[in-house]
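Below, subunit A partners subunit B and then partners subunit C, in two separate complexes.
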Partner chain A sequence: MFDTALSANDLIFLAKGAGMTIFVTLIAVFFGTVLGIVFGIFRYQVGPVIAAPLTFVLDVFRSIPLLIQLVLANAFLGMVLRLGLSGLTVACIVLTLYTSAYCAEIVRGAIESVPQPVRRAARSLGLSWRQDMTNIVLPLAIRVGLPSWIGLSLGVMKDSALVYVVQVTELLKSTQILITRLQEPLLLLMICGAFYFLISFPVARLGGYLEKRWTHD
Partner chain B sequence: MFNYTFQWKQALARLPQMLDGAVVTMQVALLSMAIGIALAVVLTLFRLSGSRILSGIATSWVEIARNTPALFQIYMAHFGVASFGIHFSPWTSLLLGITFNNAGYLAENFRGALKAIPDTQARAGRSLGLSELQAFRFIVMPQMLRISFLPMTNQMVWAILMTSLGVTVGMNTDLYGVTQDLNALTFRTFELFAVAAVIFYLITKVIQLGARLLARRMFRY
Partner chain C sequence: MIEIQNVRKSFGALEVLKGIDLTVQNGEVLTIIGGSGSGKSTLLTCINGLEPIDSGRILVDGTEVHARSTDLNELRQKIGIVFQQWNAFPHLTVLENVMLAPRKVKGMSKPEAEAMAVKQLEHVGLGDKLSVYPSRLSGGQQQRMAIARALAMSPKYMLFDEVTSALDPMLVGEVLDTLRLLASEGMTMICVTHEMKFAREVSDRVAFFHQGVMAEIAPPAELFGAPKSPDLQKFLAATA
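The block that comes next holds the complex of A and B.
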């Protein structure tokens, strides 16, 4: 039972897949967060009526399976516009927009959690909108938003397992390739699952810890 | 405008087949949700039981479900379990994978909801002569389910979206599987998946609207 045909080369192949997972996740989380903050602040500032088109588009990203988003984007960019982008680029674009849709919601919720009187007080003390945003809203809102943002980042890492559909070989896909070759699904899946778990679990715990700490004071 | 001829008719002609797929998608999602809620209640009981083994089982279930991709869980239910000589059909594997995921996430939601229910209520129930299980069943659980109704709606939407992963284990009767098969037949990738996307969007909207109406009807005082 403990015999295995798994060689060092295969482990390197898996590590490359893991590297791809992390790379795609970092790109998507970074740009997605930047976009999400912009969208979130925009939605909060202009009110629900004017922001309705943006709200709708972001809602679409949250209501359609990521797999379909990837296939659609790939077909649209590749077959309709004929841009000739690589699968990795398409995956990064889609995951970034996907992340920004969730992030905008978190940002908006976090800004709304800052009580209006606090902000009015800041403005009447002579702070500009920008100063109010950076010195009053940011420190208060980040306590509400950060735990959910950590959850979102981990969610994106887990969802990045779907980018195989645009020919990006990330961790789960490389595991599957090895399964086809070595016919040892249980061992390989265990390795793959352990990798996701080892990244996700400590970070999730950190998020839980921050949430607990910050809600008490 | 584009150097591409859209052929929506071809996609729309397949709409009946895709709607049949949508029905399968909803069946799997609803079933996984129903079993998932039941399992999550059991996991919550395990956690409350005070037994180290039972709460250990519950905690590892929740942590694995929450910290690995759903696709991994479906693979595990299909290929992983197969190494023990148990072969599930794609439909069963998909259901098992999503149910495992749902139960884990819901159990965590329930734990959050329990914090909002004062201990004194269960104790009052106990002193009125209810057994521990009765106190949970009649006093704690109804409130727990009520508080976590919104997270449950979100999880339901997630379950719908997760059914699209069944295609990786060979499922071809759900909405995504049907669309993929049609795509192999006609090569109208963009048109077909756009239609599928619209159907998915409508399903999630119907669920969210339905949940809102249901909540208004159930939770009025």
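The block that comes next holds the complex of A and C.
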């Protein structure tokens, strides 16, 4: 069954799907992190009251299932605003906002973990707010936030499987297409899982390596 | 010259400074003594603008600290402060802790900042700990590093907020020597302390704070020898 059913072309097809998963994830994690840092710093800086509207919007992105967000966003952007965006664009936008909502929480928590007195000491030496942020808060907060951020990135990578609902053929969708044709669900899902593992493993290891490197105790 | 004029400061309903008037001349060493909650530490953090004040004025070399137009980051370069808790930057080595502000704030070159940092760290007896991370240092060593960190900015004024409180007795003498050296170099210093012996030894004048008021100020011999107010008499009896 193995050699008759699964051809090299099928594996290339899966690899293309994996490529799409990586592409969507990279876009979402990159822009989601940039936005998340901006949102997180804003929320920390202005306090809960002024940040309330932003907090609410981010909570919406965190609490509504991604599948629903994708379908609704696709319908809204396509049918109401008539922007004529491709499914891939819609997927990237939604996943980016979804990522940014989680990332903002990680950033806010990580900044809060930096002890106030240490920041006072920095400011008392004449460092500006920006210099304190870049030289003291950022390096310390990254150490705290990194494990959560790695977890978020891996989660987004797996959640990106849902973008099939806006007609983006990523790894899982590619696998399903092959399953329909070849009727070998277990084997194909194993291969698909192996692809996901191959993508995740280096990221997880990189996180472990950085954590180790940044520990001075 | 540091001029403190009728400074008031409240935390919520609690008024911690009830109209402080105090002038510290250049080259003077002033120590502030008093019980917990007397407002002495708060006054220090107001002098370099870390805390806002409710009313009154604080002038450092004629610049009003809490005026809107004052560039605090620039002003703070000439006011070093060392806290009771040393607040090391845990992700930087001892050398990097001391080099950071000269590099970033003063824009010194790396070799220049490093030379300054090494000099100041040797000054406080940490010349052999340059590449160590603060977590490897004892509390006393971290405090000395914090002093070196402040000195590396070549401040004109140094504020010490109970810096010897967390040091073991072996190290207090060493820190005192450092402070004496600073005084002899013409450093203007305000030291908040619970160490009466220290206050007696290093200061030109000693101020006694009680419940947000500067109850008494005099040269140490006079203040310790002939305390006028009953509160000070009680305080000295309790701490003796």
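What we mean here is this: the second predicted complex is superposed on the first by the 199 of 217 C-alpha atoms of A that agree within 3 Å, B and C clash if a C-alpha of one lies under 4 Å from a C-alpha of the other, contacts with A are read in each partner's own complex, and residues count from 1 in each chain.
Assume contacts are C-beta pairs under 8 Å (C-beta built on N, C-alpha and C of every residue); 3 or more make two chains touch, one makes a residue touch a chain.
Values in this document were obtained by computation on a predicted structure and should not be read as measured data.
In the superposition on chain A, A:Leu162 makes contact with subunit B only, not with subunit C.
More residues of subunit A lie in touch with B than with the remaining chain of the pair subunit B and subunit C. In the superposition on chain A, A:Gly19 contacts neither subunit B nor subunit C.
Of the two partner chains placed around the shared chain by superposition, subunit C is the only one that A:Gln131 touches, whereas subunit B remains out of contact. Of the two partner chains placed by superposition, only subunit B is touched by A:Met79; subunit C is not. Legend: residue contacts after superposition of the two complexes on their common chain; A:Leu67 is shown touching subunit B, with no touch to subunit C. Contacts of A:Pro115 after superposition: subunit C is touched, whereas subunit B is not reached. Put simply, subunit C touches subunit A in their complex at residues 48, 50, 73-74, 76-77, 79-81, 83, 85, 87-91, 100-101, 104-105, 133, 135-136, 146, 149-150, 153.
Listed in rising order, the residues of subunit A touching subunit B in the complex are 60, 63-69, 71-72, 75-76, 79-82, 154, 158-159, 161-162, 172, 176, 179, 184-186, 189-190, 192-193, 196-197, 200-201, 204. Only residues 2-4, 63-64, 66-72, 75-76, 79-80, 82-84, 157, 161-165, 167, 176, 189-190, 193-194, 196-197, 200-201, 204-205 of subunit B touch subunit A when the two sit together in their complex.
Residues 115, 117-118, 120-128, 131, 135-136, 139-140, 143, 214, 216-217 of subunit A are the ones that touch subunit C when the two sit in their complex.
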